[in-house]
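Let me begin by presenting the structure, written as structure tokens, before commenting on it.
As written, the chain order gives the labels A, B, C and D, with residue 1 at the start of each chain.
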Amino acid sequence: MTEQRTFYQQRGFAQRVGFGNRPAVLIVDFIKAFTDPACPLGADFSPQVAAAAQLLEAARKQRVPVHFTTVAYEEGFPDAGVFIKKVPSLAHLKYGTPEIAVDERLQPQAGECVWVKKYASSFFGTALAATLTAARCDTLLIAGCTTSGCVRATAVDSCQNGFHTIVVAEAVGDRAEGPHQANLFDIDAKYGDVVALVEALEYLKGLRTED
Amino acid sequence: MTEQRTFYQQRGFAQRVGFGNRPAVLIVDFIKAFTDPACPLGADFSPQVAAAAQLLEAARKQRVPVHFTTVAYEEGFPDAGVFIKKVPSLAHLKYGTPEIAVDERLQPQAGECVWVKKYASSFFGTALAATLTAARCDTLLIAGCTTSGCVRATAVDSCQNGFHTIVVAEAVGDRAEGPHQANLFDIDAKYGDVVALVEALEYLKGLRTED
Amino acid sequence: MTEQRTFYQQRGFAQRVGFGNRPAVLIVDFIKAFTDPACPLGADFSPQVAAAAQLLEAARKQRVPVHFTTVAYEEGFPDAGVFIKKVPSLAHLKYGTPEIAVDERLQPQAGECVWVKKYASSFFGTALAATLTAARCDTLLIAGCTTSGCVRATAVDSCQNGFHTIVVAEAVGDRAEGPHQANLFDIDAKYGDVVALVEALEYLKGLRTED
Amino acid sequence: MTEQRTFYQQRGFAQRVGFGNRPAVLIVDFIKAFTDPACPLGADFSPQVAAAAQLLEAARKQRVPVHFTTVAYEEGFPDAGVFIKKVPSLAHLKYGTPEIAVDERLQPQAGECVWVKKYASSFFGTALAATLTAARCDTLLIAGCTTSGCVRATAVDSCQNGFHTIVVAEAVGDRAEGPHQANLFDIDAKYGDVVALVEALEYLKGLRTED
């Protein structure tokens, strides 16, 4: 992909957005349905969940706002639109089931937001953008799954909504390697910076805590 | 207001939008916090709730999609934005409390959507518009409270999102009569038709049920 | 309305949102079609336009971002939705006509945004919220017309999108006094602060210009 | 990619959404800046433009609504957010320049909408979804460029907004083959059907014209 990246940079893509001054952290869809390999839609995302846990720990120490998403539908899927025609396995995601809870290794704490979404983007049909704006956040650090689905859609919308968009490489995962790499490439070329976990942690540690 | 209405009509406002072919019904914020006079934000909306119940009954008979909204915030109100600075009484609306449940007289049934919103409009931060579009609805019948708050904001967004907007006069209520009347006037002048309950019921009864 | 205001304040409404740290100014629909009394939709908004001009002057001195809106439709009004069924006089607002230009007394300057909208809210179908967020604005000062239409809808959306919402009383106007007053009341009760022009000017003058 | 597709289908992805009953056609960013190889951002999309022209011809015969997008920024790029930090070459897209006009081979006709967007998705910051809904469209046929950028973002949002999403394979193009194929794969797996031009033309020809 190095050649492709060079080609893009020569055409004026793939520059650094950089970190802003007031970040928030978003954990996309690290819910049991996806992170428990025993679930029909699940896969083993243990390394990615562990990386996300490190990100969360650093964020909480600095009182950086933390957000999660999950996906859940009503009985009969009246709220799943045409999406469920394309992806019938969404039928595994139902209100009132344990699978839609955030993975226990990342347990949301009081004061953190868990947004229930119906589609790919964490911004679509939620008040996430408004909440980040009201908190004067200018930067969104993204972890979660899957890179080629909800993470990509969220990164595009994060850029569109006006935020410095940072995807933490070790903390996002996909069921398949090809789409994972291809989408990290696109995100880094057009919407946000794909950075190493250590770089994101350094940034969070370096923030001046507000009093 | 008759004079005002004439003035508006002469200027090309306040025409009839009329009913479309595929309606949905939306009950805005008829939750215990607002409909139980014992709650700090509550008022006696018994006649309006009864009218909404009639609307629901007619809709359910015809298998017209039914939607509800409620308002609920996380601990510490990180998702209440600047809205809660303006309206501190929003602090009564918290996840995990019985007050945010829909009024029992209107009990949502399986297959009906209950949208949790954070702001005035039922469309803001929800997938309501997408859900109506995916169901090919073209008309939204609105009941609920308050006329000058969430009903008005919802009616504006319903028009903006492309739906024939119908507000059922007897099924919407406010804490104060002045704002109630003023907002029905504005809605009818610019965004949707304010109709009598009997007219809405006739319309629903006259629909050809699809097989 | 004093009695009504007291009633609202006792119920936990109508508190002060206050000014934030990074404002932008928005002039809603002060276009010839509305501000030229010779146009079919026009009225004499001279005092309001003069107040808006003062606001603009103060904003420009402090390099505060300035935004305008206009309304324009394509031939045949394919982009006017059901709105034009309700308000047929929207047919006066067409691309390529001089009436959709911003009033010359408020002439937009290079680097200021003019958003073409199709509906009431300045946020609906525009990238205004994203643009304000990307510029790290936290406050929106609103002028324009009409109070009961596009100003009200814009103020609701400004609050919903996470901004401190300030409506400048002398700089907003309506075709009719009743709706004007009623909507200022509602805005001040629920969405933003209605302030005197002098207060807004003081605020802008007191900003520390960034270098 | 066959193996990958099989894997996805076994997991309940990549089913057919199919065509609905009321389509619209959207031509994404086939503007001179991108389709004229002499422009800094341009490439030779002649085959794709020719395919889009066939699609347009079929749509116009059947009076199917036609939409276009372009991208244009104000002087100084106040409306380009953080996107222009990531993609500095967006600076070639300015109001008042010939490059932002739709390619002459696809010349928009009276009554067709040209949406000016600021970001990747044709739905973001435009009233496209509302316009499609108001016209009771249920299906969006997508052509344009680039597959890995604005076409992908538009396809995701089309699905999210409730439309049957159809991407016409021969009518979408990219500057690089890898991202082109990878994004068609993702779109077909999760958001819409990637179909051959001949299939789209058959569908349009088979529509019963409404009187």
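As a working rule, contacts are C-beta pairs under 8 Å (C-beta built on N, C-alpha and C of every residue); 3 or more make two chains touch, one makes a residue touch a chain.
These numbers come from a predicted model, not from an experiment.
Note on connectivity: the fewest steps through touching chains from chain A to chain D is 1.
Of the two chain pairs examined here, B-C and A-B, it is B-C that is joined by more C-beta pairs in contact. Between chain A and chain C, the centres computed from C-alpha atoms are 35 Å apart. For the pair chain B and chain C, the distance between mean C-alpha positions equals 25 Å. Measuring from the averaged C-alpha position of chain A to that of chain B gives a distance of 33 Å.
Within chain D, the positions touching two or more other chains are listed as 81-82, 119, 124-125, 127, 130-131, 133-135, 160, 162-163.
Residues 65, 74-76, 78-79, 81-82, 110-114, 116-119, 124-127, 130-131, 133-135 of chain C touch chain D in their complex.
Across the complex, chain B meets chain C through its residues 1, 4, 7-8, 11-18, 40-41, 81-83, 85-91, 119-121, 124-125, 148-149, 152-153, 156-157, 159-160, 162-165, 175-176, 178-179, 182-183, 185-186, 189-192.
For chain A in complex with chain C, the touching residues are 127, 129-136, 138, 160-163.
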